[in-house]
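What follows is a set of structures for review.
Shared chain: chain A. Partners: chain B in the first complex, chain C in the second.
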Partner chain A sequence: AFFWLVSLLLSSLVWFIAVKASDPRDEPLQKGLLIFGVMFSVLLQETFRFLYYKLLRKAIEGLVALSEDGCSPISIQQMAYVAGVGFGLMSGAFSMINLLADALGPGTVGIHGDSQLYFLTSAFMTMVLVFLHTFWGILFFHGCEHRRWWEITAVVVMHLAVSGSTFCNPLYVGSLVPSYLLMAAAATWAYLLSGGSAQNLRRFLLCKS
Partner chain B sequence: MTELSAHLPQFQHGQLTENFPDNHLSNTNDNSERRRHDNSERRRNDNPESETNGQPQNNIQQVVEQDEEEDEELTLKYGAKHVIMLFVPVTLCMVVVVATIKSVSFYTRKDGQLIYTPFTEETETVGQRALNSILNAAIMISVIIVMTILLVVLYKYRCYKVIHGWLIISSLLLLFFFSFIYLGEVFKTYNVAMDYVTVALMIWNFGVVGMICIHWKGPLRLQQAYLIMISALMALVFIKYLPEWTAWLILAVISVYDLVAVLCPKGPLRMLVETAQERNETLFPALIYSSTMIWLVNMAEEDPEAQRKASKNSTYAKQAPANQTRNEDAEADDGGFSQEWQQQRDNRIGPIESTPESRAAVQALPSNSQTSEDPEERGVKLGLGDFIFYSVLVGKASATASGDWNTTLACFVAILIGLCLTLLLLAIFKKALPALPISITFGLVFYFATDNLVQPFMDQLAFHQFYI
Partner chain C sequence: ASISGDTGVIHVVEKEEDLNWVLTDGPHPPYMILLDGNLFNRRVMLQLKGTSRVSGLAVAVAKPNPAQGFSPGLKCPNEGFGVYSKDYGPQFAHCNTTVWNPLGSGLSYEDFDFPIFLLEDANETQVIKQCYQDHNVPRDGSGPEYPLCAMQLFSHMHAVTSTVTCMRRSSLQSTFSINPEVVCDPLLDYNVWSTLQPINSSGKVEPDKKVIIVATRIDSHSFFWNIAPGAESAVSSFVTHLAAAEALHKVSDVHLLRRNVMFTFFQGETFDYIGSSRMVYDMEKDKFPLRLNNIHSFVELNQVALRNDSVLWMHTDPVSRMNQSVEAQVRNLLDILSNSSAGANVTLQEAGYSQPLPPSSFQRFLRAQHIPGVVLTDHRTAFQNRYYQSMYDTPENIRMQYPEGLSPEETLEYVTDTAKSLAEVATVVARALYQLAGGANDTSAIQADPKTVTRMLYGFLIKMNNSWFQSIIKPDLKGILGDVPQHYVAVSSPVNTTYLVQYVLANLTGAVVNLTKEECMNPDKTPSSEKELYEYAWVQGSLDPNSTSRAPYCVRSTVHLSKALSPAFELRQWGSTEYSTWTESRWKEIRARIFLVASKELEIITLVVGIAILVFSLLATYFVNAKADILFSSPRDSGAVAY
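So, the complex of A and B:
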């Protein structure tokens, strides 16, 4: 969570500087700057995910060195999951919490002609992002572990795609549907990477031992 | 000679196992109160003794190494556990403060200032405002420094009665007066009708139970809850009565002061620590939040009650009542006490006092070393001043930030990460460390950064419904 926060900080610093340096009345430029800010932020987030992976790797090595039987008490997959959840939680919290606070107060949604589904779609979008961050965490760390660069690039590309798809908001079908599809894909991929399989799933669902 | 060798391995073994829980004590108690080096040195000092025996030396070397490894591993494991044990109360305190700030408007209304900050910030020019806030901060910090030095002097000259009286008065003030005001404001906010008799009864009960829990004995959870509550009350008072720029300046300066006072050889807090160490006493137990009761390493007794009594009787004349948060005066003292406590406290009660006893006991009962404290039971301690200043930072962030919840959340995460780092440093350096600087620095950086940089960005993103 802390790492995500730092990445957000740095990316907003960049955006802020860009905005201050530009003409505030030029609408398309501002929007363009915002888009640039978003893309930059995505890249920075993934960079920080990588840095976090490096840090956790060192920590695991330290733990392994100290433990008695040569294996660390927490596996890299668990750490990947936790890292993903941390990123997702922080991202979700920052996206949603002001919205929620305002939702507690009086008001009408979309009274000025904006979409009336604003809160709903925000909620769904945040949820899909949280899930995605979790899955991306697992995929990313797995890719780093096994030196499969294509996995890492796939994660980055997916992230960029999801963020990019939100640019068609308020045309929600353009952003929510692809995001959910991508989430399903990432979920199955992460599940398979973590050692799951169709048999496992069937056994779990049928409550066999 | 043979008898000597027969005893020595027992003694060695006993001492090593005794050191083992001692390490846990020191490590778990305050995350390495004692230096690990001290332990290993002590063991190595023992080894030359055993050299005369030759034979047991190898065993002992192996046991030493194994102990050191287990030691470190357990340090890490318990270190992580302690971090969690401290996260919960710090989080609770912050949650209480933020919840109050958001709902009860009394604490965000400007109703004047304390006499310690006489200069107003409602000035015409920015320069004037800056100057006033600097002067305010300077006055406040000098008051705190004077109070700390006074406390150190009183402690040095053994004027315990004065200190106790001071602490009792301040905790009385806090538990009765401030909580009465708080309750009144909460009732006003929620428009709850209440009569004086009920309020009197409630406040009386709350206050008396609080005094007993904090200054005497009481269930651990209740004592912890009370300490959290009084920290929150004190933080709320600060948030209300300190003007904007002054508050931020004070936070910054106090973390610098904390750093200086604890680490410099002539710093007042360090002198306090050393004096207490010389006297083999604990300072003010109730000034500190502790996650478990202090247990003396008392081999024969497993009974926690007896141990608690033993510790309280032997370490201090009466349980030092130390409401950290008594007046605005001496908070910083407490703030400074934070981590050293971890160090000295157990240092004193743990190793130094226990070892002679344990040695004697061990020689008598070689296999009984397990009856010493269960390492899990020893907890961590954090000074109440740290609670207060963390909560002041987060509370001010939630009260005055334009980014509102984003800023609050960012400061919260920053403070917790700072706390983690501080505990890590503590585990590495095994010295008295101040808990304020790292967390407050992170918190301040994140507050200003989030408020000014992230807030506009997130606003724009939310407006267009872009997601990053």
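So, the complex of A and C:
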């Protein structure tokens, strides 16, 4: 979570400097700067995920050295999951806290023509991002472990796609639907990489022991 | 008003029928009403007061002024605090004989538990109306759909019930608490007084030295806080008074006059005679240089700008005139006044024995002693002022008109007809005062200057921040010159009006003396200053042309301030019926905002969906965790765990 926070801080610093240095009245320029800011932030978040992976690798070596039976008490897959959840929670908190604070008042969004469903769609978007960060954590670490660069690139591309789709708002169908589809795909992939299979899933759902 | 603001769905009421939607038909109460100024009357307001479907009100000021007149004051102003009671002239008490303010609705004295705001800027009113048009207009008789445009007003007042309650709570807080939470403050300011011949302001005047008191009030009021233009009710009278003071001071033999003249400007008269009751109290308790016995006669100027056919009415008190000696003195006073009007465009007529005195500061002096006196007004029975103590008592009400296209400096100097008419009245008053004070010379040379009158009218009614006012005040008081002048007595003192009256009077009646800044600001160190007789002020001076520096100088005058706090607060009699007990509540924030509100259904749906997802996710996590060994077979990864 802390790593995600640092990446957000650095990317927002870059965007802030860019905005201050540019002409505030130029609308297309401001929008362009925002898109640039978002993309830069995505790349920075993934970079920090990679840095965190590196840190955890070093940590595992230390843990193994300290342990009695030469096995690390926590596996890299568990670390991957936890890292993903941490990223997701922090990103979710940052997305929602502002909204929740404003939602306490008597009014709602919309006096300048925004959609009434703003709170609901923001909540769903945040949920999908939290899940996605978790699955991306697993995929990313797996890719780094097994030197499969195409897994890492896939994660980055998916992240860019999801963040980019939010520019379709307030046409919420343009951002929520693709994000949920991507989440389903990432979920399946991560499940398969973590040792699941269709067979296991069927046994679980039919409540077999 | 509630401490966390009052919210309501906006409804625009422009005609009477729109009220039915608010009071009975509308499906989304409570409503926040945007009321057209012409509908702001007692009937509508009492209807709104009686219902719980109204959570607040915003009144758009009516432009031009409502033709039928509007006065939120009482029909009988300051009733019960004047001189007429069941013991003194009972036939005149409670306006039995003459109703002075027939248009008075008493709206300012009603208790409303919802916030009421005034919208003076037409652009703001348009924004609210636009939001209403976009979202709230009922379609085909049925209610409009959510989301609806709503407004929230914050104006929580900390004081409740009455002065007795809030002062008791405040005094308990001040006595026992380390961080006292005072809830209300008494209305407090200063009276301005000045004498023609200097007197020792800290000493006492001998009983055989007689003084003629000239009095006017300098404050007004309206339904809304700090909105009190008071053109006819206050400004017209004190501007005339100031001009008469200036004219009288120019006479060469003032120091030879037998009697002195005291020009008094009472503050707080709108609220049951705060200033005058305090001065009478101070005179009775020997805290003022003069005593009631020193008063030879009393001349008061009430509303004088709306004269019909140039007639100025002289009102006297019929009850005290039943005493022969008082009658003789009043007769003398009336004759001198009538003689002084010869040659001026003013006809003085007596209001007669059947009429009581109109509401005036003179009534408080009569309560203490039977002094001969007269009140000059432009009305015989009911007020000519149809906007008494309202926000519509503006320069237009006293027919002040300027031609188009003048710069502020030119407007300052342009002499309006109103100014000329008030200057005539001031001339008459000044001549009469000269004769009353024992002057024997010819009075035709005594003239009030219309140029001064017009500058004062401009400064006190249109724009306080003008070059003349800037040049006559102290340098550290520059900030008090706001833009639109309001004459409300307020609780922090002295208010701008008091300061300006003080400095204008000093400028018009004082003398420029050749002292340096240090000597002027520390007169006790200067040997020849006669500090007890005079007040010294170091004023800014006018702007040098083509530069930004000013040429300050020292003004010596006999202008003093005396505290105008009702004796009820000195005596701690907060429920007093003898002295004014007006207080003003404290508050923390006053603001307003508009936004959309969502339907209750949408809010409930959002909450329920959220809770459902939470419960589902908890269950799912539990099951996945419990059956983890089924879902995930042992990992087949190779060589990942490095040693």
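Assume the second predicted complex is superposed on the first by the 209 of 209 C-alpha atoms of A that agree within 3 Å, B and C clash if a C-alpha of one lies under 4 Å from a C-alpha of the other, contacts with A are read in each partner's own complex, and residues count from 1 in each chain.
As a convention for this text, a contact is a pair of C-beta atoms (placed from the backbone, for glycine too) under 8 Å apart; a residue touches a chain by one contact, two chains touch by 3 or more.
Model, not experiment: these values are computed from the prediction.
S.K.: Could you tell me if A:F94 is touching chain B, chain C, both of them or neither one (first, second, both, neither)?
M.R.: The answer is first: A:F94 touches chain B but not chain C.
S.K.: Between chain C and chain B, which one touches more residues of chain A when both complexes sit on the common chain A?
M.R.: So, of the two partners, B touches more residues of chain A.
S.K.: Which of the two partners, first being chain B and second being chain C, lies in contact with A:H146: first, second, both, or neither?
M.R.: After superposing on A, A:H146 lies in contact with chain C but is clear of chain B.
S.K.: According to the stated criteria, A:V42 is in contact with first (chain B), second (chain C), both, or neither; which is it?
M.R.: In the superposition, A:V42 contacts chain B only.
S.K.: Touch test for A:G107: chain B only (first), chain C only (second), both, or neither?
M.R.: So A:G107 only meets chain C here.
S.K.: Counting only touches as set out at the top, which of chain B and chain C does A:S197 meet: first, second, both, neither?
M.R.: It touches chain C, and chain B stays clear.
S.K.: Once chain A of both complexes is superposed, is A:Y180 in touch with chain B (first), chain C (second), both, or neither?
M.R.: Once the two structures are laid over each other on A, A:Y180 reaches no partner at all.
S.K.: State whether A:F50 touches chain B only (first), chain C only (second), both chains, or neither.
M.R.: Touch status of A:F50: no partner.
S.K.: Have a look at where A:S163 lands relative to chain B and chain C in the superposition and call it first, second, both or neither.
M.R.: first
S.K.: Per the contact definition in the header, classify A:L5: touching chain B only (first), chain C only (second), both, or neither.
M.R.: first
S.K.: Contact residues on chain A for chain B in the complex?
M.R.: Touch residues, chain A against chain B: 1-2, 5, 8-9, 11-13, 15-16, 19, 31, 34-35, 37-38, 41-42, 45, 63, 66-68, 73, 90-91, 93-95, 97-99, 101, 118, 121-122, 125-126, 129, 162-163, 166-167, 169-170.
S.K.: Which residues of chain A touch chain C in the complex?
M.R.: Residues in contact with chain C: 60-61, 64, 70-72, 75-77, 105-111, 116, 119-120, 123, 127, 145-146, 194-197, 200-201, 203-204, 208-209.
S.K.: Which of the residues in chain B end up touching chain A in this complex?
M.R.: Within the complex, chain B contacts chain A at residues 69-70, 72-73, 76-77, 403-406, 409-410, 413-414, 417, 446, 449-450, 452-454, 456-458, 460-462, 464-468.
S.K.: What residues on chain C touch chain A, complex-wise?
M.R.: For this pair, the touching residues of chain C are 5, 7, 131, 146-147, 149-150, 152, 594-598, 602, 606, 609-610, 613, 627, 630-637, 640-643.
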